[in-house]
Amino acid sequence: MSKKVYPDAVAALAGVLRDDMTIMAGGFGLCGIPENLIAAIKLSGVKGLTVISNNAGVDGFGLGQLLETKQVAKMVSSYVGENKLFAQQYLSGELELEFNPQGTLAERIRAGGAGIPAFFTKTGVGTLVAEGKELRQFDGETYVMESWLRADLAIVKAWKGDTEGNLIYRKTARNFNPMMAMAGKITVAEVEQLVNVGTIDPDHVHTPGIFVQRIIEGSHEKRIEQRTTRKRD
Amino acid sequence: MSKKVYPDAVAALAGVLRDDMTIMAGGFGLCGIPENLIAAIKLSGVKGLTVISNNAGVDGFGLGQLLETKQVAKMVSSYVGENKLFAQQYLSGELELEFNPQGTLAERIRAGGAGIPAFFTKTGVGTLVAEGKELRQFDGETYVMESWLRADLAIVKAWKGDTEGNLIYRKTARNFNPMMAMAGKITVAEVEQLVNVGTIDPDHVHTPGIFVQRIIEGSHEKRIEQRTTRKRD
Amino acid sequence: MAWTRDEMAARAAKELRDGFYVNLGIGIPTLVANYIPAGMHVTLQSENGMLGMGPFPFEGEEDADLINAGKQTITELPYSSYFSSADSFAMIRGGHIDLSVLGAMQVAANGDLANWMIPGKMVKGMGGAMDLVAGVKKVVVVMEHCAVDKKTGALEPKLLKACNLPLTGTRVVDLVVTDLGVFSIDKHGHGKPTLIELAPGVTLEEIKSKTEAEFDVAESLFAA
Amino acid sequence: MAWTRDEMAARAAKELRDGFYVNLGIGIPTLVANYIPAGMHVTLQSENGMLGMGPFPFEGEEDADLINAGKQTITELPYSSYFSSADSFAMIRGGHIDLSVLGAMQVAANGDLANWMIPGKMVKGMGGAMDLVAGVKKVVVVMEHCAVDKKTGALEPKLLKACNLPLTGTRVVDLVVTDLGVFSIDKHGHGKPTLIELAPGVTLEEIKSKTEAEFDVAESLFAA
């Protein structure tokens, strides 16, 4: 067995978690979230977390679970609309919140993984998001400087992973996971299917194993947030 | 037939080429270069080109062919060591040359495609590469600001492509092709196998069709620059 | 008679062109997909990481790994592709998407857009809206012409001289489709918006009385 | 007796650790791959877009689509992966590669490195060298201790007080392996390089005479 493979989420996070750390958590809504690793963080009781995640889960599922236990001190997100507990804790001042435009959030995380401390973007110029940030003209247009995001720990969810940490994602469950895998000092991945090396075509790898320090196989509820369907004719 | 599919390289470049334009050309060495499109540019006789490409081909093959005909006014590259004609034209002042570190070149091209006019990197700080560029400290380290690169035309080579322009590359022939596809005002792709939509697994697409305006199927010599082998035991 | 939600969507769909890559926001903009003319090839982008968004799945065929930016279950098409959020917004920010259709709380005469935040209310976040309006080549807003004050029932114009809500972007809107008519916006210049269409039965007087922004009226409307 | 090229590579290989991701330059650094200890798992990166670089192919099995950064035909391994140049240098610049072994024209006492350009000669370009030395966690230089002046035959030291060739990076080298010995560099501080090993039969006097930079000598060398 490769040294990257751990038996379960609790084992994979052993020695990694501490109070007041910064954690990136992959997923968009409830799609592609590291369910098992979130549960293990809840179990650990670690507190004062800064969590970087596009969304905050829903009440009782996903990151919503870490709000229930008040383990989260600050969220960095682009949209938190689906979570009543979040609103409550935010309005009462228990929870700090930093909104980033979704694309700026994604690019800040990529920059963190790619060794780029800052970059310029048009997104948010002239809005609250640009307040206090450096503006600059390029080719006659105004851009705002945004800085990288990095984390002590990144938790990501993939479809398949091999024992060297090579990951492939499935459909729109990819979302923020690949960049977060790059931006964590330590990255722990959970996959639906842990496979031997040689199983994944090297041309199909989405996240090369270099970005994954620990990996587990887990079972996933994969809850659907908005079940929309059409009638058969 | 999709509106993106053209019968050959000459047809695919019709109405696109003009003197003094900037062209990005994918490939690393002779690996993954758009052979047919380069040949069509040679045939067109278009002159005064600025060519952005990691390398400049070899004498008589790849971009080397456009040097023979003196169609290139300037190269933006990271390494041009394999080309005697290049050296000759450069030393005689016929050819302008801008060296970029390979990673800076790759990132500048990605930035061009991603709408990021400038970013900071550690690469090149304290060297000739950083001269005249803005330096800035982040977290106590010095970085240099680099700007985006965009092109009037990007020519790229992929393994398979479908009629909507979705591309997949093969092994290390991927290299600069995906970023260049993003950074061209018009991107023309040549592939070894043009397939119908539905043939490529949507999870395996490397370059989504949105980045490809025209596509051709061509045959490829795929010359090997350094044939290194080992003996069978 | 003012346009229905579907009629507004159908009007926005007239901005589509063959070969366009398009991002549709939540609400009325989503309905635009139903009005893509037959024979026209339009590819829908979903900013959570997909090109070639298909219709809702048949019951029982929902896939938790396949959702749109509104978190609704969807399907793929033969020419679909998936990519990361960073790649998705590289596509958006880099100007590769031809058209974005989205809703608004307020639009100003100069193209300023407010659609994400009401101070004092719980704020849900801007999601990808700021990136879309900053990056997409053409931005079409589809909205009710006026908001209704929930307490007083008074009509509040949404096409304003200047937005008073926090902005999503400055000088970003190209076209506004409301239930009463259509305005083109001179977002790069200093001209007024131009009313270019009126919903059937809506008078110039009515739309003027419900619009705070000053606007010009296209000659074609006088002719009609 | 000075170390051979293979012995220098073998010495550099002692810097490898189990689980390391490593980038090897062209020339002697490439030989390091032959000295990875049995049982140690080391993954080789090729900056043109590959992790898990395998050995040269058998004759007749060369693949034009599968080359390393030196443009040599290579093979893949069961755990290989391919990626774009942008992703490859994101990996390098982002500090994810543990060790880089590369050649040098000159190294300065403070870790400055020159290995890409001789003014007045035709310049081939820096390729990925500047990115590697700026981004990789640990940089090991393997080089002949002296260059030989082609005209006069005189020996020219390469470990200098300061480089006089254009730099590849400033304060980037951690360790220098030459045919005469091994020096550790205090690249983040102001200390001198420390000679930590001597090739068998090489005297302190010889190496001093062939080194321009001042250096300390590790105590362990006196003990020996």
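For this structure, a couple of remarks:
Order as written gives the chain letters A, B, C and D; numbering starts at 1 within each chain.
Methods note: contacts are C-beta pairs under 8 Å (C-beta built on N, C-alpha and C of every residue); 3 or more make two chains touch, one makes a residue touch a chain.
These numbers were taken from a predicted model, which means no experiment stands behind them.
The chains that touch chain B as well as chain C are A. Ranked by distance of CA centroids from chain A, the top chain is D. Averaged Cα coordinates give chain A a centre that lies 29 Å from the centre of chain C. Averaged Cα coordinates give chain A a centre that lies 33 Å from the centre of chain B. Computed from the mean C-alpha positions, the centre of chain C lies at a distance of 56 Å from the centre of chain D. For chain C, the set of residues touching two or more other chains reads 76, 82-83, 89-90, 92-93, 135. Chain contacts: chain A has residues 107, 110, 114-116, 121-122, 169-171, 202-203 touching two or more partner chains.
The list of touching chain pairs reads A-B, A-C, A-D, B-C, B-D.
Interface residues of chain D, counted against chain B in their complex, comprise 46-50, 55-59, 61-68, 70-74, 76, 82-86, 88-90, 92-93, 112, 117, 122-131, 134-135, 166-170.
On the chain A side of its complex with chain B, the touching residues are 107, 111, 114-122, 136, 138-139, 143, 147, 168-171, 202-204.
Contact residues of chain D toward chain A in the complex are 18-19, 21, 41, 43, 45, 51-52, 76, 78-83, 89-97, 135. In the complex of the two chains, the chain B residues touching chain D come out as 28-32, 54, 77-82, 87, 90-91, 99, 101-107, 109-110, 121-129, 159, 169-179, 206, 222-232. Per the touch definition, chain A reaches chain D in the complex via residues 3, 110, 112-116, 162, 164, 166, 182, 196-198, 202-203, 205, 208-211.
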